[in-house]
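In the two assemblies presented below, subunit A is common to both, partnered first by subunit B and then by subunit C.
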Partner chain A sequence: MNWFKNKDTLYGFLVILPSLVLLGIFVYGFIFQTFYTSLTDWGRDPAQALSANPQIRFIGFENYRELFTGFVDARFRQDLVNTFFFTVFFILGCLGVGLGLAIVLDRGPRGEGFFRTIFLFPMSLSFIVTGTIWRWMLQPQGGVNQLPTLVGLPKGEFAWLTSREQVWQVSWNDLPFVTALVVSVVLVFIAIAAFRGGERRRGYIASGSAALLLLWALTLGRTLQPLPFDEMHGFNLAFIGIILAAVWQMSGYTMALYLAGLRGIPEELREAARVDGASEWQLYQRIIFPLLAPITLSAMIILGHISLKIFDLIFAMAGADNAPTDVPALLMYLTTFRANQIAKGAAIGMILLLLVAAVIVPYLYSQLKSEVRR
Partner chain B sequence: MGRVLQYAVLFVATLFFLLPVYLVIVTALKEPSAITLSNTWQLPQRWYWESFAQAWTAFLPKLQNSFFLTVIATLLSAMLGSLNGYVLAKWRFPGANIVFPLMLFGMFIPYQAVLIPLFQFVREIGLGGTLWGLILVHVVYGLPITTLIFRNYYAEIPDEMIEAGRIDGAGFFGIYSRIVFPLSVPGFVVVIIWQFTQIWNEFLFAVTLVSSPANQPITVALAQLAGGEAVKWNLPMAGALLAALPTLLVYIFLGRYFIRGLLAGSVKG
Partner chain C sequence: MQKLWLSLMLMLGSLAMAQTGKLEIFSWWAGDEGPALQALIDLYKKRYPGVEVINATVTGGSGVNARAVLKTRMLGGDPPDSFQVHAGQELIGTWVVADRMEDLTPLFNQEGWMNRFPKGLLDLLSYKGKIYSVPVNIHRSNVMWYVPAKLREWGVQPPKTWAEFLTVCQTLKGKGLEAPLALGENWTQQHLWESVALGVLGAADYTNLWNGKLRFNDPKAVAVWNTFGRVLDCANKDASGLSWQQAVDRVLEGQAAFNIMGDWAAGYMTTTKGLKPGEGFGWAPAPGTAGVFMMLSDSFGLPKGVKNRANVLNWLRLVGSKEGQDAFNPLKGSIAARTDSDPSKYNAYLQSAMRDWRSNRIVGSLVHGAVAPESFMSQFGTVMEIYLSGRNAQAAANAAQAIANQVRLGQ
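On to the complex of A and B.
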């Protein structure tokens, strides 16, 4: 084969081949099979669900339609909203705590190594261990709610993990409208970035698409309603405890990233800014934070994909069956392996994959592109 | 920012990170009858070591399962990752630029998107419910990260060394066994620590693929114990400590390598 310049390159290919075949089957083959399963009615007839040779019919995108617009699948829609809020607050929490700790540690306190060890150790634990611990911390009558009594205050009353209260509710019927708004805002940002970067053509395309989408949202977007009735979903307060535990576990990671970034900023740069009369705040605002922006983006993507997939922490903290704190990753497990609604479980798995891919594919693309350039 | 503020922030943060640890230890050392919600933060009246003995008896088989599974899967995936990384760093075959990102994507997928066919596949090849099925799965889905870490590590080995090996008459395998592998020790340490931690801590595969209690890894056993309402909290807390101990020790004694693996997980080498 003249494809292979020499024998050694051929050996190389043969050595990696088994891994490629395995990943081809276990990742892409299985994804395809899940996708096919999601287009069938497997599990709809309980008698067939667990039989050795189930009778499976192809029903197209019916499972997806039901998940988004069917009367019985309101739990899935609430789960999507839950994932959205969880992701936002989890990322904000980790970035905030991580950056704060990194700045403090970067200023060289005594015992820096000790503090770094303390802030990072939860990363080495299993989400199951973290969940078990925090479940005990957040018992409604004990743990965190008892903390104020140690300094003589009345105990807290918050129903961690069990609250059924929701805030910031919106109707599921607003989804097309809200989605269009969000996408147009993103497009506007892309357009601004393109014009600043001198890429006029990209800028025109992005701003044109944003305008079209906005026009659609304001005119026809309101009339497109997935459900015949209003179904309200919002942020479940029971999630606050889970977000707290997740930030406890993962903020050490952002701290490590930011600390590495801060250490990479040359001291001369800071000195130069100080000589020019910049205050400490201006130094951070004008020089250090902009230099940390790429790290923030990487961290957001890594944390974002973790939070979309989060399963074990919630399983261990609130239990698998606690509906207010359900997320799609958990619902997929319950639907498939408890309720034997295999095709519907497959559909939830595919939706989850799409969400994660939307975050990860552009990231991998940009990372590997910049690597080739290096 | 004043010194006072700096240390105040550190103090509050340390409390936030260590209070759960304090609560775990204190609860695990209390008599079951002495554990009430209102005295959660108090030190035990009487130190009660019995919980650890109980947790040890209850969890020993699960810990053994986890050790067996984790050690074998870690070593296999490290070995395969090393060979793959060697190929991708030094013998790039045509199409490697397309294959590599396709491999990496396997590291980020939500496993829910492959779980149903995986469950069937493992059952059909006769490994359903066994630790070997779980080992297979961890080896395969560990390939992307181990390959990535080794590829980035081997990229640092100068091409001149490979070239010198070839001039001396060594081929693909000779160069690997005489030059690359002996230089790999730090790479192996990072990968083994990373995989050990990940596989030890994993839950989704374990809970879906291993149904029989006899083969359960520790994470599944702990989740079931802590989920039950009848058990007093001293046992789950002692169990959580036991389940956390191996990875915690790895982190405390080999933290530097642990963090390197952690940062490698965010793709950039």
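On to the complex of A and C.
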């Protein structure tokens, strides 16, 4: 019992014990419960779905198999593709706009405080409010599409939230191949970084795995087809409106982060660089942007998990039933609470959790590691 | 003798109990529909002044939010005393098969309702020969709305079949009307689909679709999707951004000639828009569906294990009574489910609907929960998506059949 070397440690432990227990039950316990539910057939038999004492059978990963390869679950697969594109454009948009605004504000224009408030303001709204406002503006018959008529041009024709056009279509059957390609490219980057940093062993392992994966992708990966037919998925143009609203809402936040980062860079560094003859562009490229890298990373993590979980914004802007703007979180709601497919809803929830974990866990890991080093 | 005393005491006891306590009514009637519910509640309070009525309304059109709340409460063991539900499979396929509702057949016999409601309706309310909910109103789903003056101007008649509709559509397009049919968001597209299905298949085969005798991938049912696609070509492209009211507005403004919508559209046009039925707007059965009344109905049931059972039974008695229905429906813009209600309380459109209700063949609506359980209905949206993205009738039909198998439709 040398855990409790003194009374303070014991008190400390007792104080956090209730929250540990609650966390254990209401977070991890329920995650486990959801995972177990996702492995059952709860909801397949309508007579059992909502009965007082449902008979639930264990069916393993059948629900997951159906989601990824079943005939009627095409919507889920489109939703995953939607989430991917939404996340990419949302993060790029927020980082780009946020950094731009921060650089402008950092140069100390007149009325800086005023603009800072203006840009940060959207973040104080809830996604529901943002969604409602933007829905009005993006009505196909009104709002933004009417703007050109103010200067005498014909009105816009873009169906902001309702377009059914898709670009960059990929067949779902190419997914194993594409994934393997992407992962091996990442591995190659890791290998290059390792060789540069002098970690030879790590470099060899990374490049070796990349080569293996590429080999698999080019041979067996081409023959692995989850579906018996080609199913095309791509970027729904209707998402442009949603991405605009989401970027509008969150770019003020990245601006604040970047502004704090920029203000944290000592003036001496800039002076020194200028004395050494660096141009303004070189100053940003070589000094300031590298120093902002950790901020970019944390912004990406936060924006990334927001975009994976996004529900309310889309619910308010386009409704739950508008399939061109559907995402897995909405589908989970519909599947569980409208279609009564409780196990399948749980499976979608677990997939979402895994996606968020894939973003958060590496970040937490690196944070913890750096804390331990400190 | 002893038995008589006992039953008398029991009766007295239940009467005494019925006059106190609480009654929680769970519904999604807020906003425009609130006053109609309030009229019913007022009537109840007049009859049973000792009972405290709790109006637990969850807002959200067509009950989208209310149903999720209801599910949470039922699964959590806290059922509301009586809840609003679309009559038919929405109740049966969700709650009756799960053994959560009480059989109301004795109440129907006791109140003599068996021959007050049309048989087609009782069939839709029944599961294995027992009746599970009391319908308070009837809406008609297969109605086509138009503006008579505009049609005269364009020189067209309301089409009688879908083939005729497509011809009229071409005529109107030739006269510069871009989208002769006004269409709204996702569920109104499914609403259009069910009218097309009824018109193409006819009442018998339409009914067979829901009892499993006609498969969705049968050539006859695939033909529905083909017609549906050609009808969609007559509709506006920005449909999913419009509410049903905005779609009706397009007809009233002359941007479109027709709209297929349930008869709450008549309520919207008379009450909100102040138009006179027959003059400001006209109506006809959706093409190919004359003589058939596609119905949906709001009803109340009795969940098992409620706290105030006697009060609920009194509530259900009121809901099914002539007095209750004639208080509720003129305000709601629907007609009474009973066939003996008083026509003088209703406007011109509703009177015509009442005549049809008493004489037409009755079938149930898909989108509004009468013929298919929730599990089918909500996944039918996916079928619609498969069709809209690829316009492949066979693929949509296959998907519909796959879902029907999965949820054991008609078994």
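Here, the second predicted complex is superposed on the first by the 372 of 374 C-alpha atoms of A that agree within 3 Å, B and C clash if a C-alpha of one lies under 4 Å from a C-alpha of the other, contacts with A are read in each partner's own complex, and residues count from 1 in each chain.
By definition in this document, a contact is a pair of C-beta atoms (placed from the backbone, for glycine too) under 8 Å apart; a residue touches a chain by one contact, two chains touch by 3 or more.
Keep in mind that what you see is a predicted model, and the values were worked out from it rather than measured.
Novice: Taking the superposition as given, does A:Q139 touch the first partner, subunit B, the second, subunit C, both, or neither?
Specialist: Touch status of A:Q139: both partners.
Novice: May I ask you to decide whether A:S209 touches subunit B, subunit C, both, or neither, giving the answer as first, second, both or neither?
Specialist: Neither partner.
Novice: Regarding the shared-chain residue A:L50, is it in contact with subunit B (first), subunit C (second), both, or neither?
Specialist: In the superposition, A:L50 contacts subunit C only.
Novice: Could you tell me if A:Q225 is touching subunit B, subunit C, both of them or neither one (first, second, both, neither)?
Specialist: Neither subunit B nor subunit C is touched by A:Q225.
Novice: Is A:S171 touching the first partner subunit B, the second partner subunit C, both, or neither of them?
Specialist: Neither subunit B nor subunit C is touched by A:S171.
Novice: In the overlaid three-chain picture, which partner chain does A:G319 touch, first (subunit B) or second (subunit C), both, or neither?
Specialist: both
Novice: More subunit A residues touched by subunit B or by subunit C?
Specialist: The larger set of subunit A residues in touch belongs to B.
Novice: First (subunit B), second (subunit C), both or neither: which does A:R75 touch?
Specialist: Only subunit C; A:R75 stays clear of subunit B.
Novice: Would you please give the residues of subunit A that touch subunit B in one complex and also touch subunit C in the other complex?
Specialist: The answer is residues 139, 141, 319-320, 333, 337 of subunit A.
Novice: Which residues of subunit B touch subunit A in the complex?
Specialist: By the definition above, subunit B touches subunit A via 1, 6-7, 9-10, 13-14, 16-20, 23-24, 27, 36-38, 40-41, 80, 83-84, 86-88, 90-94, 97, 99-106, 108-118, 121, 137, 140-141, 143-144, 147, 166, 171-173, 197, 200-204, 207-208, 219, 222-223, 226-227, 233, 236-237, 239-240, 243-244, 247-248, 250-252, 255, 258-259, 262-263, 265-268.
Novice: List the residues on subunit A that touch subunit B in their complex, please.
Specialist: So the residues of subunit A touching subunit B come out as 3-4, 7-13, 15-16, 19-20, 22-23, 26-31, 33-34, 37, 97, 100-101, 103-104, 107, 109, 115, 117-129, 131-137, 139, 141-143, 146-147, 149-150, 248, 253, 256-257, 260, 280, 298-299, 302, 305, 308-309, 311-312, 315-316, 319-320, 328-329, 332-333, 336-337, 342, 345-346, 348-350, 352-353, 356-357, 360-361, 363-365, 367-368, 371-372.
Novice: Which residues, counting only subunit C, touch subunit A once they are in their complex?
Specialist: 64, 67-68, 71, 74-75, 93-95, 97-100, 185-187, 237-241, 373-375, 377-379, 381-383, 385-386, 388-389, 398-399, 402-403, 406-408
Novice: In the complex formed with subunit C, which residues of subunit A make contact?
Specialist: 43-52, 54, 71-72, 74-75, 139-141, 159-162, 164, 318-324, 333-334, 337-341
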